[in-house]
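What follows is a pair of complexes built around chain A, which joins chain B in one and chain C in the other.
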Partner chain A sequence: MARRRDFLVDSASCSGCKACQAACKDRHGVAVGILWRRVYEIAGGGWTRDGSGLVPQVFAYNLSIACNHCEEPICAEVCPTGAMRRREDGLVLVDAERCVGCRYCAWACPYGAPQYDETAGRMTKCTFCADLLDQGLPPACVAACPMRALDFGERGALEAERGLRPDAFPLPDPGLTSPGLALIPHRDARRAGPTTAGVANREEVIP
Partner chain B sequence: MQSAPSRLTTEPAPGERIVRVGCPAHNCGGRCLLVARVRDGRIVSLGTDDRPGDTLADPQLRACPRGRAYLRRQYHPDRLLHPLRRAGPRGGGRFERITWDEALDLVAGEMRRVKERYGNSALFVPYGTGSYNQLNGSVVARRLMNLFGGCLGIYNSYSWAAINVATPYVYGTLETGNQRQDWLNSKYILMWGWNPAEMRDGTNSELFVRRARESGARTVCVDPRMSMTAVALADEWIPIRPGTDTAMMSAMAHVMLSEGLYDAGFVRTHCVGFDASQMPPGCEGEESYSDYVLGRRDGVPKTPDWAEPITAVPRATIARIAREYATTRPAVLYQGYGMQRRAYGEQVVRAGCVLAAITGNVGVHGGWASGLANQPDGGCAWYVFPTGENPVPASIPVFLWSEAVLRGKAMGPEDGVLGAGRLDNDIKLIYAVATNCLVNQHADINRSIGILRDESKVEFLVVQDQFLTSTARYADLVLPACTQFETWGVEDGWKYGEEVLLMPKLVEPPGEAKSDYRICAEIAERLGIGPEFTEGRDERGWVDWCLGHYRRTRFPDLPSLDEFEASNAGVYSRPVAEPAVAFEDFRRDPERHPLSTPSGKIEIFSKQLFDMGRPHEIPAVPKYVQEWESPFGPEARRFPLQVIGHHTLHRVHSTHDNNEWLEEAFPQRAFINPADAAARGIADGELVKVWNDRGATILRCRVTPRIMPGVVDIPEGAWWEPDEEGVDRGGCINVLTSHRWTPLAFGTAQHTAMAQVEKA
Partner chain C sequence: MRERSLVAFTLLAQTAVGAFLTLCALDLWAEQLPGVPAALVVPDRGFLAVAGLMGAALLVSLLHLGTPRSAWRAVANLRASWLSREVLSALLFAGCAALVAAHRWTGAPGAAVLGAALRIFAAASGVGLLLAMAGVYRLRTVPAWDTPWTVVSFCATASLLGALPVGAALGLAPALPADLAAGPLKWIAAAGAAGFVAEIAGALGARRGPGALSRPAARTVRLVLLAAGLVLCLPAILGLAPAAACVAGAWCAALAAQVQGRYTFYAEGLRRTL
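Here is the complex of A and B:
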């Protein structure tokens, strides 16, 4: 059995260049309007004056998020046909034959991972490049990262060893679904919350 | 050289071929490796560098989204497939399909006609980087022209005009950079207007900064926008009002002088012009750099108090950064290029170099001399393909092509003409290969199109490209060129890099498109210089020739083309275990290893510049000069916002603007601060009109605190799309920019522009 994997997102070093997003689209032929991997730009803060100087209290960071192949995938729980299933190796995948495109999974997932493909009339999402994993190769997004800020590793190890809980704003409470995601937070994540920050590039991440 | 089986790539599927290929070069700062999968004559996927290891000495050359999304350009439905001849008025956008024979006869006939009527100096091949490897792009047209008797030459570039010219006035060379692995020896990295994470100033520059930071370097980013670099690579971001960087640098020098933080020993032994004790002969009584900074002549000490209202950087911050940079040694002050594409752009280049020099950061590991910073190991083989000698001796600065159309015969040294007293012609024929610099990327589009529309000026304009760009819309003849995946090519590591990247032909061109080389060879045939042009070589033959050149000059172990191709490695790299440092010899012994400046030393004061006698525009020591369009000038009453145009990952200049995956990732927006938006009743995502006396563009805005108040940022390169009223709807910044050039380099100052924004 393949080992279960987490994505490791080093938000502290992520520039938001979206090479991961483009690599994912290239490998999986994902159409415009569907983003198996997408990069959220979180920004907040404002400006004050100091004499005639301008002082920014501005902060920003990026979160590159795909599907976290959760331990407790709520998408699979709500799926009426059993199309969304968690395999034995931990990957959560859509069975195209059984999916009827009802979108319950998209509404349920707090990460926005399952996305509706209008042409196919069914849901699609990140597969963790399962075929590459099977051959001992990294997923396309990880191999793409120019900043080497995206990685993957054994499930739970990174979070357990290094305390890398994926709870930076605006990610949901990881207790909800036990996501396969370890996160090195950007320093500015401490300042971000629902009243202080927002997703600055909504149009780029929410098709 | 590693062979394919050890790669981090899956085996090809049945019927599939995997080819490692250099990413098509369009003058981004990267030179990356792609892994192409080809099936049934079509590229189906583009992976990236799959060499195992990924070490600091020889890191993988991972492509950015532009490389990874390339297939949306490669297989775009708007690719040009056939030669097109203008039908109707120039610029009217109507074309008719003609045969290649008709098209090539037309070009050859017009070249002959213009040569006979006016002479070779009326022919012109403009600057352009739309295809930019050794075999593709304008280089082949240059070879054609040179064999045909020559054409009006060009020098310098749009990208680096001021920095190319100003750096040698200080150091006598452009090779002022250490190899990038050396940044790990730095304790402080000041990224001044430099955004390697977004503009990719050399593949992996952003990674090396990251590693330097992990090795303990403190990093500071000075930029009007909180760039990707500021977010991902900087410990601190300092916003600065565009065009005022030299004021902050001068104030930093004031702090260093008044607090004794500069390296007095190094200044004494290695520099001239710092103070009255070391002025060049004949200039003993002139204003030294210290005189300027301390205000001894003009009565204005360049203190942080003085600089604060100019730069909008608080005085305490200026003083602190001065102390940090001067005392945390060795330190890097890396100058980006945007701030030298401005009015008086030469000043900031020299001011940055002077700060590096007076802090003693020259010629040491972990230091950085600033300036252009080409590599000190003989790197940067920009042009290998032999264009030959141009029999026409005259050349103009690239940015002044429109002047040479309007008033070539009136141009002389005061316009930067080299090689001739005055030009003997106006430009009458333009052969534009892989360039959008006649319309989209040149300043002041509404002016440019007025010039191009007049058929009595440029009598024949042929544009060779892959799409009907805004420049191509003004052509008399459009020739369909293939992409760099559809012919052979080769490239090296650009400004940095220790690599040669092979670009084998992957697929056939669509329709009737041909390679730039093939088109020029067929024109050469018609002009009776076919054998001279080709020397019996096809594209692959010239790649072989180029590899031979690299082997002789830089990479003696470079394999033969047959071996290189058979290995399917795609890249030959020379690991950098011991990074080279610029000026090491000079540092050790300045008397035995003098610089090639007139004094042999670092010229903080330049007698050459002094002798030009234009102290207000070209001062002998670097000075802050208020720009000709400025928030402090009367123009600010009507046009209160500064317009800048950063390099976006959506495009390489104007290339990729029509790439739907990149438009999805980075839609074209005018970035505006919430305060400026609120004052105009503008909400995030709304259409805004950005305008000044030169033109107007309407596009959606992004209201974001990441751009400083008083500045609107429209990423450069979006395609100009005029509506019936002539208002641009494509978000093209160049309807707003000015064609006024910098005083010393005759370079573009397109980033110096004021405008107003209103709800559209």
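Here is the complex of A and C:
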């Protein structure tokens, strides 16, 4: 049976340099406006008054997210043409020839992974650098990370061994699609929620 | 907004289904009337208009695709994809509605059974289309859409935009005696009123879903339009004088409310956190 892989994101170590994002675009020649891997800058908190002074309680952390090649990929489930498919090795890939560019997969994916290429009129997405994996090399984003905050490993092993459930804000409930993602959350992620934090670089990362 | 063509597609298709079901009901009612030709109550051009609306809906839906020439592939995943099922049922409904229109237009003699069979098949595929359209948006990953209000709202749209104009045309038709039209007009107005009540309940009660608007001003405008439409249905339900004109007015209010509501539906559902 082919090996299945998860991404590991160490949000506590990520400095938000976006080398992973740039490496992905460079490796795949991804068009302007499309980001297969995106670094979300999450910011929140505020200040509280203490006597005559103000005490800062602001926080910020980064989250590098690409396609998680889910166990239950809703993009493949809803795709009307069967262009979006999950291979035996767990990689979820889009067949450009079959794609009609209806963007239904982009609506359905809670991670914003499938992205529409206006020029081609078709969807595009992270391939987990399948060609590099075949050569025994790591994906471009993992190789480019100077903080070693990105890694990849056997599916389920990272989560099982270390309890790294990917449910920090603003990630969706992992029960929806069983993402191939293990997350070491930033210490401030437990303070973040829909009413206390937000994506600070929304214009950059949300198409 | 990228989804403009889908606003048009969903509204046109739901209008076509609602109008078709209303015309079929009127046709059945007319057959019971002694001495009144069915074509006087439901003119052939009524079914022709439904087929035209559905054809226009299908054409408009192509504008949403990045590669429209490959649109035929969209029925390849019937096993799992509600979008495939929607496309198939839309094609079936369009085809059957066109056949019903052609059958009525040509007046094929001795083919009453065929006509009835076509109408039943078209009605079934129309109802299937409404359910498949709702299924497309009942995505477990999109909380704003994954609610029963999506189904209710799509059925209400079929009632408001499909039945009300048929009622107005029936009431305003010069060839049909006003007292004869009053009966079905009352039921059509009642169906419209039910649609307005459902949409108002959705807009007031649902925290999420197609009835919920995040912008208070837009929510107020929609509620005013829906309430105005509901009030305009009352004269026809009560059998008061300007019934047909009021039903026509209710349809105008419904059209404005549903166009605005559908834009909001997409805006709310596609607002992303990631």
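The criterion applied here is as follows: the second predicted complex is superposed on the first by the 199 of 207 C-alpha atoms of A that agree within 3 Å, B and C clash if a C-alpha of one lies under 4 Å from a C-alpha of the other, contacts with A are read in each partner's own complex, and residues count from 1 in each chain.
Simple rule for what comes next: a residue touches a chain if its C-beta (ideal position, glycine included) is under 8 Å from a C-beta of that chain, and two chains touch if they have at least 3 such contacts.
Bear in mind the structure is a predicted one, so any value in this text is a computation, not a measurement.
Q: Looking at the overlay on chain A, is there a clash between chain B and chain C, or do the two fit?
A: The answer is fit.
Q: Return first, second, both or neither, reflecting whether A:Cys109 touches chain B, chain C, both chains, or no partner chain.
A: In the superposition, A:Cys109 touches chain C alone.
Q: Please indicate which partner A:Ala19 is in contact with in the superposed arrangement: first for chain B, second for chain C, both, or neither.
A: first
Q: Could you tell me if A:Val32 is touching chain B, chain C, both of them or neither one (first, second, both, neither)?
A: first
Q: Quick one: name whichever of chain B and chain C touches more residues of chain A.
A: With both complexes superposed on chain A, more residues of chain A are touched by B.
Q: Does the superposition put A:Pro138 against chain B (first), chain C (second), both, or neither?
A: After superposing on A, A:Pro138 lies in contact with chain B but is clear of chain C.
Q: Classify the contacts of A:Gly101 with the two partner chains as first (chain B alone), second (chain C alone), both, or neither.
A: The second partner, chain C, only.
Q: Would you sort A:Val199 into first (chain B), second (chain C), both or neither based on which partner it touches?
A: A:Val199: touches chain C, not chain B.
Q: Which partner does A:Gly156 contact after superposing on A: first (chain B), second (chain C), both, neither?
A: In the superposed model, A:Gly156 contacts neither chain B nor chain C.
Q: Under the superposition described above, what is the C-alpha centre angle at chain A formed with chain B and chain C, rounded in steps of 10 degrees?
A: About 130 degrees, rounded to the nearest 10.
Q: Tell me, in angstrom, the smallest C-alpha to C-alpha distance between chain B and chain C in the overlaid model?
A: Checking C-alpha atoms only, chain B sits 16 Å from chain C at its nearest point.
Q: Using the superposition on A, tell me which residues of chain A are in contact with chain B and, in the other complex, with chain C.
A: none
Q: Touching residues of chain A toward chain B in the complex: what are they?
A: It comes out as residues 12-19, 21-23, 25-27, 32-33, 35, 43-47, 50-56, 58, 60-62, 131-132, 135, 137-138, 140, 143-149, 186, 200-201, 203-204.
Q: Going by the contact rule set out above, which residues of chain C touch chain A in the complex?
A: 2, 64-68, 70-71, 73-77, 80-84, 87, 136, 139-142, 269-270, 272-274
Q: Considering only the defined contacts, which chain A positions touch chain C in the complex?
A: That would be residues 40, 65, 74, 77-83, 98-104, 107-112, 116-118, 120-122, 170-172, 176-177, 194, 199, 206 of chain A.
Q: In their shared complex, at which residues does chain B touch chain A?
A: Per the stated touch rule, the residues are 8-10, 45-48, 50, 54, 62-65, 68-69, 71, 197-198, 200, 203-204, 206-207, 210, 226, 228-229, 231-233, 237, 239, 308-309, 311-317, 649, 660-662, 664-667, 673-675, 685, 702, 704-706, 708-709.
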